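Across the two complexes that follow, subunit A remains constant while its partner is subunit B and subsequently subunit C.
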Partner chain A sequence: MSWLAKIKSRSISVLPIQAGGCRGCLLQFFLSLSLYSEIKGITVTGNPGQADLLLITGCINEQSKKAILEIYEKIPEPKAVISIGACSCSGSLFKKEGKGIYAAEDILPVDAWVRGCTPNPEEIPGTIVRAVECAYEKVK
Partner chain B sequence: MLNMILWFAGIILSVFIIHLLISYLKSLFPGQGKTYILQPFYRLMKLASKKNAASQPLIQWFSAGALWFSLTALWLTVSGWNIVYIFSILIIAELFIIAGASGTNNSFGLMAVQRRISGFSITCFTLMVAASSIYKVTGTLNLGGILTMTRNKLLILRLPFTFISMIMVILVEEGVCWFDLGISGKSMSFIDTGLYSAYNGWCLAVIQLTQWVKTGIWLKFISVFLPWPQWISFTVSILIYAVLMVSDAFVAKTGWKKAVLNGFIWAGGASVINYIWLYLANI
Partner chain C sequence: MGRRWTGKQSYNFVCKILGMKHTGFELFLIAAEQSEKTLKIEYKFKKGDQLDSIEINVPENSVIPSVKDIFPGGLWMQQEIARRFPVSFGAGESEDQLKPGYSPIEWGPFHPLLSEPALFKIQSKDEVVDSISISTGYNYRGIEELCEGEKPAVVLEMLERTSLISGISTGIAFAFAVEKINNIEIPEKAKWIRLILNEMSCFKANLYCLNQIAQCLGLLSDGSEVFRLIDLFNESAEQICDHPQLLGITKIEGVSTDISRGNIYAANAVLQDMKKELESLKSKWTNTHSIYKRLETTGFIDSNTAKQMSGRAARGAGVYEDPRKYSCLPYQLLTYTVPTSRGSNCLSRTMLLIDDLLLSLLLIDQGVENLPDGNATINFNIAGSGKVIVREQDAYGEIVVLVSQENGNIKFIKTRNSTTLNFPFLPDVLKGCELTDLPLVLTSLNMDLSGMEK
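Take a look at the complex of A and B:
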């Protein structure tokens, strides 16, 4: 990995989206930022124009799908998408209930997944950094 | 000429370094995200390499124009030009940023523009009164002339409230402490970057540079009031700025309308008090 890509991936703005569900995954994400100080430089933003990574949690339904696609379009390249938790990774048990529930990879090109209900917060910061590094590598 | 070039480069570099320090110190507080020491530099590099995904036209020109005019104002500042002329150019730079931001379709961006204009009116009023007070004491509005008289006339003793109002202006411009027009207690957290919501990618990097240059100009203005040699005065003004920026982490936030009122009372009020005092004491 080039030194320039490494430098650029030391400042990561994450745009978290709660697509639907219990919010447990989102809590784990915020917990991971405050607990694990060896991973630095990750900030949370609410502005798609300033984001580098789209973090999707929860079950995606028809309404949230439309919003997520709209937000994804507004994030400037290079960008990465990660899916956190069982609901956004696979639709979990809610997918069995009927149509209209999507996994993140059904609607967007997902770069990384952190599975589990709820996901392990230790894995989240490392996954974010690696996903963004890969996005910069792809551009190169 | 060499002296001016050194000051020009030195001001930009010193503001950059002080932002590295402030960013790192703030990250050490409990509950804050951990950052690298060079975090603002990494962010700038990242933004500069990103594409601009803005949908509205002319956004690149607005950001480039803002940087151009702020650099011009900085050059005129180190050259010792008329302060009213420098303020005018700074106002143009600010208007470029506001015009770019108002082009966004984002309602939060438009809300941020409204708040920025409120802050801008505080700055303009305070500077207008401050310039009158400075002229009353020194008889000149040229920055070079004021600098030569700083020690003889002891500006800090004759214009103490104007000095305080200039510090308040910096806080209003940066939107910190009691003058946080961006993040207010009643708004959503992502309002803090609302003014820049129209900018992204390399345009945002340019706006970030503009912000640093403007901070450098304000710090140079503050240093004019201090009686020591120029570089010592500038270092002192940087330290004052750093302390205030870090203290932002401790200050309770208020609603934006209260922040605007605070701005007018503290910055505008201090400036007016000094102006009246000059006439009453017949200095």
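Take a look at the complex of A and C:
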């Protein structure tokens, strides 16, 4: 049945998480889905059970860390994680000693990053596709 | 166990607050500052451009009377203070018990289509909301706390990233506050550039709102059309300051780059072209019976509640409100009329939203026409001390920034936007609303939860 895995017969379901921030990155993501639709088949889901990819935006604090880990556990394998925006990639201006702000890679194995405050929407759909392909490769 | 005030102390305090209410003042900010084991709480009131305040000093772990029965809009500001400092306001809020026969629904904070994580605990019967309790989920960064002790330039960068919606407006208000503390008079050109940028920021935020309303109505092609306008806006913003969100251009002593007149004219031409499309969208929505009826029959707010609210929720009920009058930007030199409408429903608020977009275009155009020549920045020492409050226009209403500076470093700041005032009214407004209408009603109220200090 290996030939079946090669055929991408279904769309990529993305579960975006707004960990705490200005919501600029999430809006750039929705903007990218609306404008750069040459890459078809990226859908948004709210159900971790149906998701292929976890998209993290915003500053991760103690409360959101717990929620993100809980959601990550519920996503079936193969799964990918991408971190979008300066806040989730590095903590940005808000990451200070002892303030309990985390970057996405501090808490999860991140497959791809789209850096920038705010990130370029043109880069987001391609990154999603490549991250999911990498996740499938790893399982093989 | 907290130390509760004596009856006489509580009586005196409540009398003072009531006195403010009876003399026509409105509560518009509650700020707290901690020094050793004492807490200083300031209640700021406004009546037009007149400001007044009541200050109380209380020991740690005190329980002081809540002002929510006199000024319901103060509830959320009290909660913010109670979460950060060792003080509580009146009796704690009790959780609603589930009534027999009613269904509990938890909406958010993980739902990705909700623009901001907020947890809505809803009790509904027959798909109609009976009661709702709302908390702002996990979206907490504590920007106010992170700003303490920092240099103004760092604080400005953080405040610009408070919210995509009011980000640049908060930054501009903060820059004006620091300049006031240090007696800096920035060049005229910088003021006009800031005015143009502030209106552009409001314009973009309102476009996002329009897109959300289109999506809530199921008008996906209109939503995509609005996204196309946002993309065009981003391109014109990049022409001005190399950043689609207009970040990084505001500076304490003016603006960071002197924008060329040619670039501003080019960006303005792109923006003014959107006027026709917005007008045609407005005409399409008002002339399509199904859209008109859907908007008209949802999200009604009674006039008494609407009068106590702020921003478009109030203006949609015919209440005149113009925060631009109290701005540090040269709005008084421009000719404009603030739109208001009647009906107090989703239709009136949505049409106001489009009118606000058109108003922003008008103000940007006038700002570009009035742009003077000269320098856009000056060099000045910002090592002063003082405390200042600044009121500024943002996309959804008024934004207030209280800044205290000591020897060049920020001692504390307190910000609040119109959502902070409107938030406590949400449970009453949403009661009786059908579950399917909930996203539309919430979107039409333009809640910018990122701009609140949670």
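The working rule: the second predicted complex is superposed on the first by the 130 of 140 C-alpha atoms of A that agree within 3 Å, B and C clash if a C-alpha of one lies under 4 Å from a C-alpha of the other, contacts with A are read in each partner's own complex, and residues count from 1 in each chain.
The criterion applied here is as follows: a residue touches a chain if its C-beta (ideal position, glycine included) is under 8 Å from a C-beta of that chain, and two chains touch if they have at least 3 such contacts.
Note that the structure is a prediction, hence the values are computed from the model and not measured.
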item	value
Which of subunit B and subunit C A:I75 touches, first, second, both or neither	first
First (subunit B), second (subunit C), both or neither touched by A:K99	second
First, second, both or neither for A:S11, with subunit B first and subunit C second	first
Partner chain in contact with A:G24 - subunit B first, subunit C second, else both or neither	second
Between subunit B and subunit C, more extensive residue contact with subunit A	C
Contacts of A:T43 with subunit B and subunit C, given as first, second, both or neither	first
Which superposed partner A:N61 touches (first subunit B, second subunit C, both, neither)	second
Partner chain(s) touched by A:S34 [first = subunit B, second = subunit C, both, neither]	both
Partner chain(s) touched by A:D52 [first = subunit B, second = subunit C, both, neither]	first
Overlapping contact positions on subunit A, where the subunit C interface meets the subunit B interface	34, 44-46
Contacting residues of subunit C [partner subunit A, same complex]	109-113, 115-117, 137-143, 146, 154, 157-158, 161-164, 167, 208, 223-224, 227-228, 230-231, 244-245, 247, 450
Partner subunit B, residues of subunit A touching it in the complex	4, 7-11, 33-34, 37, 39-47, 49-50, 52, 74-78
In the complex, subunit A residues that touch subunit C	15-24, 26-27, 30-31, 34-35, 44-46, 58-59, 61, 63-64, 67, 71, 92-94, 96, 99, 101, 117-118
Residues of subunit B defined as touching subunit A within the complex	31, 33-36, 38-39, 42-43, 45-46, 49-54, 188-190, 193-194, 196-201, 204
